[in-house]
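What follows is a pair of complexes built around subunit A, which joins subunit B in one and subunit C in the other.
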Partner chain A sequence: MALQSLDIAKRSATTTEPPQARQTLEVAKLIDVSKCIGCKACQVACIQWNDLKEEVGNCGGTYDNPTDMTANSWTVMRYAEVESEERGLEWLIRKDGCMHCEDPGCLKACPSPGAIIKYANGIVDFHQENCIGCGYCVTGCPFNVPRISKKDSKAYKCTLCSDRVAVGLEPACVKVCPTGSITFGSKEDMQALADERITELKERGFKNAGLYDPAGVGGTHVMYVLNHADKPSLYSGLPADPTIAPTVSLWKGFTKPLAMAGIAAAALGGLFHYVMKGPNEVSKEIEAEVEKELEAEK
Partner chain B sequence: MQLSRRQFFKVAAGGLTGSSLAAMGFSPTAALAEVRTFKLARTTETRNTCPYCSVGCGIILYSLGDRAKNAHAEIIHIEGDPDHPVNRGSLCPKGAGLLDFVHSKNRLKYPEIREPGSKEWKRISWDEAYSRIAKLMKEDRDANFIARNADGVTVNRWLTTGFLAASASSNEAGYITHKVVRTLGMLAFDNQARV
Partner chain C sequence: MIRDPNDLQRYTASERANHWVVGICFILLGLSGLALFHPALFPLTQLFGGGVWTRILHPFIGVVMMLFFVVMFFRFQRLNHMSPTDWEWVRRAREMVNGDDHTMPEMGKYNGGQKLLFWFLGLSMLVLFASGIVIWRAYFSQYFPIGVIRIGALAHAAFGALMIIAIIVHVYAALWVRGTIRAMLYGTVTRAWAKQHHRAWYRQMTGK
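Then we have the complex of A and B:
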């Protein structure tokens, strides 16, 4: 476990990144939306594994319970009733949660060193001990996933059970899934598995079936098999082409280095000015002159 | 740029201060991180069967401690049993939430009785419960057992008592329950498999 520290790929607000001495398997979770029956076993397993407790909420008119992700519910099933002329009424159920982006917007936006870690295996993890609760990750996330806890004002989201994966186990939601809708393995294997399933779905008449692994965030380590991959927004507003918000990219990619250079230049300039010119002192002669004038005015 | 001897010393001192600050720990933090420790690392695993429905999923109870004499065991986590042929590690939301069932304040832990006409539940011992059930069953059976019907055909029926069995039974336990109940002549016999 101690060497785990070397297996990190990115760390928030840190410029000294580890050299990646070892090679780690890239993992992925595949959620086959077409196999999901919406039983919410994954939600319960997540709460149990992570020792969370959700408040009893209110019914929002759908089966979504709780109605949105919270600091205690890191995954929520979203039920969408979609009507089309071709297929009539369809119930599209999607397990919502962190997508574990290859290029995580939350990590990019985070100003606190080490609060967000991306491991070499692709898992993006929040380390609450370093979190300052600013909520920038919420703005940085293209999928609107992180939630700030009302109890300790720190950000929480799915960890892809990094503690389980670290000891060679699958995430809790994957293990519990009774229909085998959620699977876990190497990203490569999951893509192959998705391909097989997509071929099956196409044979069954879902001609637009496909894999959701959006390139806008460099691909994700949580992927969906969608039976209507041409219209991801049908699945309770899954973004068709998610990207990190331009404000975050502009601020962290362009403005921040510029501002840092400005601060460094000012500090260096100050030092050189002090060395070359010295402190700006008023000579005794001028002081005496001014005092004389003041006295004369009195 | 012309530097006097004094200015040169000042620049050198500034440089030294900067590098000393970095050396003393004010440098950018190293990119280190640990994952959360695995909470089941030294727990005791006990195999069991989910008590809810008749599917009978295999579960593993993870309890605190290594069974040392002075360590008091406590179930801290429950998961599906990957080696169980029925569910192979998976569970439904009810089974996945079993830990809360185990630790529920409302969980029934001992036999209780509410006498006819009474509003109160009274705690009794297992012995008392078994004796009472056996006694009442015998009384009722002796009074209402039908050995032969009107045509004189042997029927051996006992229609005034029913039996509701548990669902989380193995084939063997189910077989024995069935034998006992049918041997008594009871016809109303069901289990709570309807979840």
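Then we have the complex of A and C:
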């Protein structure tokens, strides 16, 4: 890639080393759930910047609209009403979308070379021209993010506006957020910003406020400030400790070399058995016996 | 084709055709499946018109194979029940592999190894078909929870590899034991072949 901001760190179904000479700054998007008012400007900006169009859907009984992410809606606000004795009713709103894992399960599962790319800056991007539509990314993702289009059978998800970031712009959702709930910058800066905000929240009585940057997937390049970081599941089922499932790791890890070795051993074993032991021919003796039997019949 | 009127009929034309439909499906499925299994083999997708076509075709070929396999399974399953003699044969398979087969127990139409392979292939087809449905994203995956899909993907890969290994053994055994391939090509084997490798079947066929 010509642009340093698009240097590739990991490529699906590719076993050789990526270019590593240049060191790119790792970026991150920080979503401060405690500042979100649920206006959906981010959803609109996402659809507008990416030239997407969502079908008019149905009301699912909540403000979630559409009710789930689709191939055309790469981010969806999820509204959870949570009641506790301590705080009464709380409306916990989370902007859902790709978390841009440092160790992406989708990329690990993808069988098509170059269909899923992780840039050196941390963004995980789907390249639809290489996508074969198998849906293994869905199988691999710990966050249930990729969606397969019904029109073209390709997988789609948030790109973290890799096209904008590549030329020094912030993602579209960050640009429009009216409360400053979404910010974008280097991962280090975003962690520092989150720390400040978490201190503030703790002072205001949210004693379990914290940063959601789950270590099980190597950290993420989309992070949340949660006012109840001890219970991520309150936020419409955000997983507490997401990891690439052991079944997926086994499928894409150990099974591959083991199966290849097994198949090669069977094929080579056959060849060398033939060469060393020789073919199993019908013996002359038995042929003669059979001849005699036939003679006797006549 | 009658090479020699004394040859013994081992397979009917319909059994042979059935076997080769399954065989062709297996080769196509093996190649396309390996293409999607290991990055080093992804270029095999070119045989099927690229990655997308490989993904589209593989499961349909699988359904065809399953249909014909089921027919073949019920045709041959009666002949594949393991007897104590078969188990003895299996225990002494090492002698056979070493090429020292004249003291092996007398076998019927199939030996113990062939029978075990038959049941293993049946099991593999069952697992591959069931898991294949689960991971068939275009039509069926939406009906299964993600945990089941993940187990399906793993089981499909594992049994796919095991079945490829089993078929390599199957094909090699047919090549190694000279005079065997013709049974599946034009249906007959020589009397001497039958007497050497499947003596009980030879007696049954010839009354000797």
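General remarks:
As a convention for this text, the second predicted complex is superposed on the first by the 255 of 298 C-alpha atoms of A that agree within 3 Å, B and C clash if a C-alpha of one lies under 4 Å from a C-alpha of the other, contacts with A are read in each partner's own complex, and residues count from 1 in each chain.
By our rule, a residue touches a chain if its C-beta (ideal position, glycine included) is under 8 Å from a C-beta of that chain, and two chains touch if they have at least 3 such contacts.
Worth saying up front: this structure is predicted, and the values here are computed from it rather than measured.
Once the two complexes are laid over each other on the shared chain, residue contacts for A:Val275 go to subunit B alone; subunit C is not touched. In the superposition on chain A, A:Leu52 makes contact with neither subunit B nor subunit C. When both complexes are overlaid on chain A, the residue A:Pro113 reaches subunit B and subunit C alike. When the two complexes are overlaid on their common chain A, residue A:Thr14 makes contact with subunit B and with subunit C alike.
When both complexes are overlaid on chain A, the residue A:Ala80 reaches neither subunit B nor subunit C.
Looking at the shared chain after the overlay, A:Lys175 reaches subunit B, while subunit C stays out of its contact range. Common to the subunit B-facing and subunit C-facing surfaces of subunit A are residues 14-15, 113, 274.
Of all residues in subunit A, those touching subunit C in their complex are 13-15, 109, 111-113, 130, 132-136, 138-139, 144, 148, 153, 245, 247-248, 250-251, 255-256, 258-260, 262-263, 266-267, 270, 273-274, 277-283, 286-287, 289-290, 293-294.
Touching subunit B in their complex are the following residues of subunit A: 1, 4-5, 8, 11, 14-18, 39-41, 43-45, 47-49, 51, 113-114, 117, 119, 125, 127, 159, 162-164, 166-167, 172, 175-178, 180, 271, 274-276. Against subunit A, the residues of subunit B that register as touching in their complex are 1, 7, 10-11, 14, 28-39, 41, 77-80, 82, 87, 89-93, 95-97, 99. Contact residues on subunit C toward subunit A in their complex (touch as defined above): 6, 35-40, 42, 45, 50-52, 54-55, 97-99, 101-102, 135, 137-138, 141, 146-147, 149-151, 153-154, 157-158, 160-162, 164-165, 168-169, 172, 175-179, 190-193, 195-196, 206, 208.
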